[in-house]
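There are two complexes below, and they share subunit A, which is joined by subunit B in the first and by subunit C in the second.
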Partner chain A sequence: MNRRANFLMLAVSAMAAAIGSTAAMAQAKEQFFPVLSYRTGPYAPNGAPFANGFVDYLKLVNARDGGINGVKITYEECETGYATDRGVECYERLKGKGPTGATLFHPLSTGITFAVTDKSFNDKIPIVTAGYGRADSRDGTVFGWNFPLGGTYWDAADMLVQHVGKKEGGLDKLKGKKIALVYHDSPYGKEPIALLQERAKMHGFEVLLLPVTHPGVEQKATWLQIRQQRPDYVFLWGWGVMNSTSIKEAVATGYPREKMYGVWWSGAEPDVTPAGDGAKGYNALVFLAPAGQGAVHKDVIKYLHDKGQGTGKKEEIGEVLYNRGMVSAMMSVEAVKRAHIKYGKKPLRGEEVRWGLENLAIDKAAIKRLGFDGFMLPVSTSCADHAGSAPASVHIWDGKRWNVQPGIYEADQQILKPMIRASAEKYAAEKKINKRDCAIEAG
Partner chain B sequence: MRKNWPVITLGLVLLAGLVAPFADRSTSPGFYVEVLLGGLMAGVLYSLVALGFALIFKASGVFNFAQGAMVLFAALAVARLAEQVPLWVAMLIAMVIMVALAWVIERLVLRPLVNQEGVALLMATLGVSYFLDGFGQTIWGSDIYKIELGIPKEPVMILESLFQGGILVNKEDFVAAIVATALVAALALFFQKTTTGRALRAVADDHQAAQSIGIPLNRIWVIVWSVAGFVALVAGVIWGSKLGVQFSLSQVALKALPVVILGGFTSVTGAVVGGLIIGVGEKMAEVFLGPVMVKAFDLAGGGIENWFAYVLALLFLLVRPEGLFGEKLIDRV
Partner chain C sequence: MFYRENGQFKSTYESDQQMLPILQDRVFMLVLLVFAFGAVPFLVSDYLFLSLLIPFLILTIAAIGLNLLVGYCGQISLGHAAFMAVGAYAAYNLVLRVPQLNFLVVLLISGLIAAVVGLVFGIPSLRIKGLYLAVATLAAQFFMDWLFARVKWFTNYAHSGSVQTPPVELFGWTVNTPAEKYLFLLGLLIVFTLVAKNLVRSRIGREWMAMRDMDVAAEVIGIRPVYAKLTAFAVSSFYVGVAGALWGFVHLGSWEPLAFNLTLSLNLLFMIIIGGMGSLLGSYFGAAFIVMLPILLNQLPAMLGVPISTSMATHLELMIFGVLIVFFLIVEPHGLARLWAIGKEKLRLWPFPH
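After this line comes the complex of A and B, so read on.
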């Protein structure tokens, strides 16, 4: 009898503890950030520094500021290996975590972005794709939950055409020229094709499409074709090991690196250092965050790395991808802060965070206050425009470091807008999406 | 002759494919030779990895799916050790590691599976492959590492008087081809002329018969996995020096799979010839057939280099399942 009573008491106390902890969780003042990362596999050399920068910033907000307006940040990493199926699994696993569910997702892969975009409509969780994802998702009236903050691949391709046009002495001088696009044969790599073909029609240059299959280490045939066709410029749309392999093959076939231009995902330290001196003179676009250190990096060192709480190697702080991860995390935190103004300083649901993302206003003063002076340009979004302004520069690798060149480019929205509208409307028709009326929503 | 018509037809189709680029007048002979050479150089490297597959299959009847992972593991070991010690010392230590690995695999994976179905052994090597991929990155790291062999990366021009614009040759590819050729010759001699080589072949023919005449099966397996480890080390160093040492090496190494299908699982010569056919075939297809397909089917690109090798292997499987140089299996029923 005694044993039975003891057992009952134990069961009752266990249940009480479980109920208590659930209640505590529901009341926890925590904002949950899912972190989709890839620290293994062929894309790990690029995925790891981005994830380290992203996570370090989240940790810094907790350690230095005590959270976002007093709401502690919690996070959980999920390894996608840059594979779409694993990315979707991670999305499903993490979307309901934390007291209010996932704040937002950074899929860090265009393939995963394509796959989870449909889901976001039902789950009401924003998908932030800073510098990647679908180019047409800038249109917030159709893509209500996608935020390609800081620019899309159509922006990037347009800016590169502008840059080589400037080098030639004007866009009209591109007539009769050849531009080869060496691209990762995936949704990511194919994104700029539409814009390049549009620009080619306008200016009379030829676009050579040279796909490279995943993971991109076999490019001998691609570069033999480049040697045969002798394009005036090569635009590189690679990721991970594909980038360094392209530069090595350019060396092996004698193609001048000065004529090579990478998108912003083909212009970080892991892309050039494996090619050694051969990478000297290689160019790439840089948006949001170039290499280097500023006030925020000092805080990361002081509050995290000096206390043994940093993520990754200390030497990595200030590298291009580390900084990009940090800026991406910062914009997410700022979106939550912005949403606090409307919904109060409490843990927010994805739906509420969307309002913050649609009303982002990171101006020069805010950039300075946050310690990112020199690492990004102002970003402001709206219900209809989910990307905001997307300026970028070109930086050149000198064998030791990236040097940002004078001149800031912005994509020509007169060309992009009709393309975005047409593509978004096609998507809305296919998926039977009712377009949002931003005026009514603001009203 | 009549029995061989499918093989002859396939051979003729391939030959026709080889000369087809000249139907397009824009193909210059110099460029054609460059693509051919590029394919041959890549083919030699595929042969190097295929040798590892053929060796283990020849000696134990096991299709070692982990050969690609062994290439990555060996290359990672050399690259990371070379950061601390001279390259040749790093290679020696890596070789010791590969022998130790062979011993562990024999003890923990192969020995318990003696006389089991071939598919059980295949699955076991698949497990070893995933383990080595993950374990290698855990202990050595997942960045891109360099192996510096000191071979100049800049290309050289040859035969400028014969072809307009000359032929571009990469010195690194050239050295790799010589090393691979030397290794193939050494292995062929080892198999044909040494007592251990003969013992390996005896084990391959029949485990139980070999045991009954006193050949120590377990020791032979350790030896053959060590030799495969050595081949993986050489392939890893050469590939790693060309591409950088990173995870994708294990996937590239799997390109040796169509090579052994084409050449025959049990043949060292097959591994070499198969490698050359696959290397030349895929480069020719990508450069000359790819653009035609893009125009014909209005494709937005779609690199065919990666799957062409497997299509070629599939065609060979259909007309000659044992491969070009493999042993024909005749089962009595």
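After this line comes the complex of A and C, so read on.
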């Protein structure tokens, strides 16, 4: 009896707290950023540095600039564990916080992106997926709230095909070749398949699809197939422990690492270091933020870590994923800044932030001013194109660090555009969405 | 003092066969229903609806379904998330390909499809029992996972295998806001509970229980095991299939095959073990325990004003949750429903326990 009474009291107090938290808050001059992160589970090695970079940048804006144009940033982290259901729960928990609600969401998982995309139409909160998410969400007329800034997986797959084509001496030389896609068996890993098959039809190469089930520590069968089929190239679409396991299996199978190409989520320090020297020669795409430190990192160390305010370990500043988290945060902050021009320097609602995201124009000068010189290329978006241009390069692990190779790739929009259109139309029809007319909204 | 049935005489068969024979229970239930329908939609925040109440209502339907099979008929199943998936994908394809169907009809048909699939996977139960049956139903789980991930037709050739659903519409009413979803699900749950309650009190339910208690003896007194076991599988899968369709359409809105994986099957099983096997009330308690406790534990430190990192909170949540499950199984192996029954017994004697 007592036990039950206690439990009941707990439940009641929890309910009261939850009700209280959504009640109207004082109109403070604050902009609330929800941070969906995963510091536990099989994806933690990759989730934690990203979250550290993201949070560090938000802290830096407060400490160095006193907020965004005087509006203080507040944030709250919520642990998703990379699980879709928990991610949706976090989204619901955080979307109403702060004086104006959540600014925008970085779901940090393609599965969660799919789930919250649905809700964005009602909640009017932008979903920013820097380098992940739905490939078709580039189409802003259907996906009014999604922003796959920095490129989608279709971009990534296209660039990888271009890269191996260049290595072979021309895309036509790919005829008769075999490319294996070792992918995480989730929406994330399945995204590039459509594009690879399209490209395979064009150039006459064969695509071998090798799914790996979550979390990806069991890949013996997959690599047995690679040993039998001897593909010319392996594209790796993994995340978390799956990446390092793949590289270790490649070592065990004797598959040359030089012929393995990871997507940009399969090319960070936690992916290669567990395999030790075996990872030498492994390639991966890199977009936005390669490893290294620049002017902004000095500020992070000066304003945060030297004062004991930093989020992660000081040694991890400048790692690939840390930088990517920082760039993601930076683009979010810039979107708010941009929206300030139109709506005034006050806390903004998600709808107003969307305008900022749709009119984002981060040029070379801005990148230099912000201290991100060398860490990203200019981005500009519009109402119809929510991704902007998405250039990327390839970097190679030499056993100690990532070396970016010369040559910048960009996906062939001639191929992507009709695919995006068809896919977005299908989504709009299934969900019964009224498309936006960008011409009218601009006028 | 207040909770005793002295003076409540039953003089007709009808009054003896009531679902709630005690007046106080009837009053309590009435108050609860009025509260759930009349007050909750106005009191509760969207977050509580979407993250706690809606999953709770849907999973309760699923837990009732599994309880009919495991708790009442004694046939174990580790593959019930697969039948949820069947229901969800059946509903998705029905809505997509026959858009003029009413959603209630869609629910009914997807439940029936799940029932047929459940029937097929129930056939091994005629020959094998216990652990072996558990493994056979596990096969259903893996087969369905594979089917929906690999056969593209089921997901309408979606690039990433993830499907999206349109909003639920009923007779021109779009079930859109959290409160509307809640009311819709609450109505369904009550109907399903009433049907289940009457099923287990009727001939068919008694046959299931006879099979559970001793199948040889049941056969000797004239119960056909084929009929009893297969109906249990079919009815159970029907419930679970409907719950799956609701899970996809009302709760998730967009899902991938991973949403119905083995973890969900095990969670359903935990629900009825913790809530109480062979008890409909137990299904409610179990679903509430499994849905609400992790989220509550995760947020508790922040609510109490103890600042700890999110990863620490998650680790604590997993540990405490595990400990609580073990604790309940040791202290009350018959589940929360049994605790409730003990509480009621005590209340009858209170305040003079002699």
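As a working rule, the second predicted complex is superposed on the first by the 418 of 443 C-alpha atoms of A that agree within 3 Å, B and C clash if a C-alpha of one lies under 4 Å from a C-alpha of the other, contacts with A are read in each partner's own complex, and residues count from 1 in each chain.
In this text, contacts are C-beta pairs under 8 Å (C-beta built on N, C-alpha and C of every residue); 3 or more make two chains touch, one makes a residue touch a chain.
What you see is a predicted model, and the numbers here were worked out from it, not measured in a lab.
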item	value
Contacts of A:D363 with subunit B and subunit C, given as first, second, both or neither	neither
Touching partner for A:D306 - first (subunit B), second (subunit C), both, neither	neither
Partner chain(s) touched by A:L209 [first = subunit B, second = subunit C, both, neither]	first
Partner chain(s) touched by A:E258 [first = subunit B, second = subunit C, both, neither]	neither
First (subunit B), second (subunit C), both or neither touched by A:T40	both
Touching partner for A:D398 - first (subunit B), second (subunit C), both, neither	neither
Touching partner for A:D437 - first (subunit B), second (subunit C), both, neither	neither
Contacts of A:P187 with subunit B and subunit C, given as first, second, both or neither	second
Touched partner set for A:D373, first subunit B, second subunit C, both or neither	neither
Winner by number of subunit A residues touched, once subunit B and subunit C are compared	C
Those residues of subunit A which subunit B touches in one complex and subunit C touches in the other	39-40, 44, 48, 185, 190, 193, 211
Contact footprint of subunit A on subunit B as seen in their complex	31, 34-35, 38, 42, 134, 137, 142-144, 146, 153-155, 168, 170, 172-173, 242-244, 246-249, 251-252, 255, 282-283, 286-287, 290, 294, 300-303, 305-306
Subunit C-facing residues of subunit A, complex	1, 3-4, 10-11, 13-15, 17-19, 22, 37, 39-40, 44, 48, 77-79, 81, 84-85, 88-89, 92-93, 96, 110-111, 114-115, 117-119, 122, 134-136, 185-188, 190-191, 193-194, 211, 214, 423, 427, 430-432
Touching residues (chain side subunit A, partner subunit B) in the complex	39-42, 44-45, 48, 183, 185, 190, 193, 209-213, 215-218, 220-222, 224-225, 227-228, 241, 244-245, 248, 251-254, 270, 273-274, 276, 278
Sites on subunit C touched by subunit A in the complex	43-48, 50-51, 96, 149, 156, 159-162, 164-167, 176, 252-256, 258-259, 292, 295-296, 298-300, 303, 309-311, 313-315, 339-340, 342-343, 346
